[in-house]
Amino acid sequence: MDAQTLIARRIARELRTGMLVNLGIGIPTLVANYVPANIDVFFQSENGLIGTGPIPEAGMAHPTLTDAGGRPVTALPGACTFDSAISFGLIRGGHVDMTVLGGLQVDQRGLLANWMIPGKMVPGMGGAMDLATGAKRVVVAMQHVAKGKSKIVKQCSLPLTSVRPVDLVVTELAVIAFSEGRATLSERAPGISIEEISEATEAELIIPQRVPEMIL
Amino acid sequence: MDAQTLIARRIARELRTGMLVNLGIGIPTLVANYVPANIDVFFQSENGLIGTGPIPEAGMAHPTLTDAGGRPVTALPGACTFDSAISFGLIRGGHVDMTVLGGLQVDQRGLLANWMIPGKMVPGMGGAMDLATGAKRVVVAMQHVAKGKSKIVKQCSLPLTSVRPVDLVVTELAVIAFSEGRATLSERAPGISIEEISEATEAELIIPQRVPEMIL
Amino acid sequence: MKPIPVAEAVAMIPDGAVLLVGGFMGVGTPERIVDEIVRQGKHELTVIANDTAKPGTGIAKLISAKLVRTAIVSHIGLNPETQQQMHAGVLTVELVPQGTLIERIRAGGFGLGGVLTPTGVGTVVEEGKRKIDVDGQDFLLETPLKGDFALVHAFLADYIGNLSYALTARNFNPLVAMAAATVIAGAEHIVPVGLIAPDHVVTPAPLVDYLVANE
Amino acid sequence: MKPIPVAEAVAMIPDGAVLLVGGFMGVGTPERIVDEIVRQGKHELTVIANDTAKPGTGIAKLISAKLVRTAIVSHIGLNPETQQQMHAGVLTVELVPQGTLIERIRAGGFGLGGVLTPTGVGTVVEEGKRKIDVDGQDFLLETPLKGDFALVHAFLADYIGNLSYALTARNFNPLVAMAAATVIAGAEHIVPVGLIAPDHVVTPAPLVDYLVANE
């Protein structure tokens, strides 16, 4: 299983029936492909849709039914649409039960940087700051290491997305949970040792006596 | 013509095609009966309706089509409904071109008191404070004198509705316009002399050389 | 979401709860839920709503049954019982301008820290509140309102909880549905999923916790 | 309200105007109005909108034609030309979190003094802004945004200017229609008065100043 698939599958196991879930672009989007059987969730697209379904078959799209990137989507029965003020009221007001966001860095208190690299491309924060600040639960989907450097750092060197800590980071190596300003290694990827994770992690991790393998 | 009819008819002459107009309870409500021919205005009911029509015929009402007092109304073709946040966004945001409100007192700068008499009944301000503060033009419909006392006063003794001055007061005796903190007698009711108005008015009035009679 | 009996829905509300209630002079208030609250005799309630309606309708039934300790409303003029209980000191009434009230509820539901409104500046409404100058104009800082339960009345609901409203019965309903920990909704008609067009849904299903069955 | 030719509508927009534009990645932007602005070559525009779309669609056409001096948006990541012009110093881009941006526009249209949001606290977004403590939590005071013209794209319009929107093409449109001195709307279909049900109208007719004819 490649890294992205592993991360998406593991995060999909966080879904519970009835949840309103917002998926960011990149790896987070893949989570929708692995919703466990018997789990029914609502996917929100922040451009104004709840009940987002899969990408339409060729020739069956409509130009006014799109995701946050402007790409065609479908809507499931029971879907609803709304304006951007309501969309972000749902997000900021804590009505979104879980958001899955990409990450550039997460520090050991759980603070996330995911929206810009100074001096490089500045795409704009879009909805990321509102999602990271307002969603009931924030899960970060990212590779553990980029260009040889840990993305789970002692302190973010990149501009923060929010000062509200994330709840969970899932990488191709580990699941790390954040609470009360501390990072705890809670699961290992299949076949990955605690030592390998520690070595790939700049942040200080609390390592419990027993660190189970991810169930995917 | 009785006082209320005279006031309502005179105010109706302030209406212009395309205006969005909100009428308060009491005399203001009567204004809708005297809209001049060839003038098309939108009436807003702040409980969530634009395009309010007349009271329905017996047996032709619906319990969910009501005015701000909860009484049955009709809706004209092209009417629309909305929630209370939008309704007051229209009011506070200056999208209501004109509101007609009842008054207890208006002072010579144009400040209005119309929502409570301390020690007596306290109905609550409802939408009056938002209307007096936010509508583009505020017109007060009231009797000139109550219980022998002028209602156009030097300074309001009753609690203010807003510190934003009203634009026009229409009584059964006169039309008084307010601008730059001063009250100007701009019209007399038919058959009423300037002296009669001055005598019935506690506030200082600017009296131009020529004060025409109201056209009704 | 299988609709539940109204008695079961109301049984979840404890004495002392803060209720956000839809409706405007009784229009758009969930009457069956209100009736059941009276039947079960929930006490010491705080009611946040536009008004206390007219005797015999909507929120007025809660007032008449003396179940309300605090009412945060914009208007009580059509309900003499509210006035009597207020003067007798058994009911605390906080009067809020209507546009401010609905924005405070919205701020509560939309995760905002408050509302900056020109309404009430220079009047008794400003007492005890912070004034904030923005570009030379004064605004009152009005704080968010939230509730333990929202009581919502819709025209159509579907079986996952999407709601749409009828005409002037919409009023406070979509806003209170955003601002409470638990949302209980009644509807004139409960229809299969997919029968309310996506563009006509006003309150999205995930906001609704319980749908009251039409028995 | 008789619909007017798009050229006539756009002729009212002066160089240097502040435009509030509906749309999200080009979906729900009034393309014909945008095309006409390009044809008439309106210069030094300020555009307030969610994003600058992708090259060849919506607001991106204004960027490509170098008509925009300032863009107040939440996202420019899908439009490399915006980035190039920004780096070349010919285009000023003010990046605003999306939820803050839409609330600032709403505040402008709804007569509020600003928005108190937790979004951006402790990040670069808070630079130069007031922080307001409400009940022990910090919020940023974000100021209202208004425009000279709103450019709105609806699905249905009726001949007095009521508007309804289709699916995700709604987005910023109903909000920008509240926040501009003059509102110019285009629609997929213009229908007789009465054909849009009152509950399905999203933008009330009195807000719309000009309706663009479908030629």
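Think of it as A, B, C and D in the order they're written, each chain with its own count starting at 1.
The rule we apply is simple: a contact is a pair of C-beta atoms (placed from the backbone, for glycine too) under 8 Å apart; a residue touches a chain by one contact, two chains touch by 3 or more.
Bear in mind that the values here come from a model prediction, so they are computed numbers and not experimental data.
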| item | value |
| --- | --- |
| Least hop count linking chain A to chain D through chains in contact | 1 |
| Between B-C and B-D, the pair with more C-beta contacts | B-C |
| Geometric centre distance via CA averages, chain C-chain A, whole Å | 34 |
| Centroid distance [mean C-alpha coordinates] between chain D and chain C, Å | 32 |
| Euclidean distance of C-alpha centroids - chain B vs chain C, Å | 29 |
| Overlap residues in chain C, where contacts from two or more other chains coincide | 103, 106, 110-112, 117-118, 166-167, 170, 198-199 |
| Residues within chain A bordering two or more other chains | 49, 75, 81-82, 85, 88, 91-92, 134 |
| Interchain pairs in contact, sorted by label | A-C, A-D, B-C, B-D, C-D |
| Residues on chain A engaged by chain C in the complex (per definition of touch) | 18-20, 42, 49-51, 75, 77-82, 85, 88-95, 97, 134 |
| Contact footprint of chain D on chain A as seen in their complex | 45-49, 62-66, 68-70, 75, 81-85, 87-88, 91-92, 121-130, 133-134, 159-164 |
| In the complex, chain C residues that touch chain D | 103, 107, 110-118, 132, 134-135, 137, 139, 141, 143-144, 164-167, 170, 198-200 |
| List of chain C residues in touch with chain A within their complex | 106, 109-112, 158, 160, 162, 178-179, 193-194, 196, 198-199, 201, 204-207 |
| Chain D to chain A touching residues, read off their complex | 24-28, 50-51, 53-54, 57, 73-78, 83, 86, 95, 97-100, 102-103, 106, 117-125, 155, 166-175, 202 |
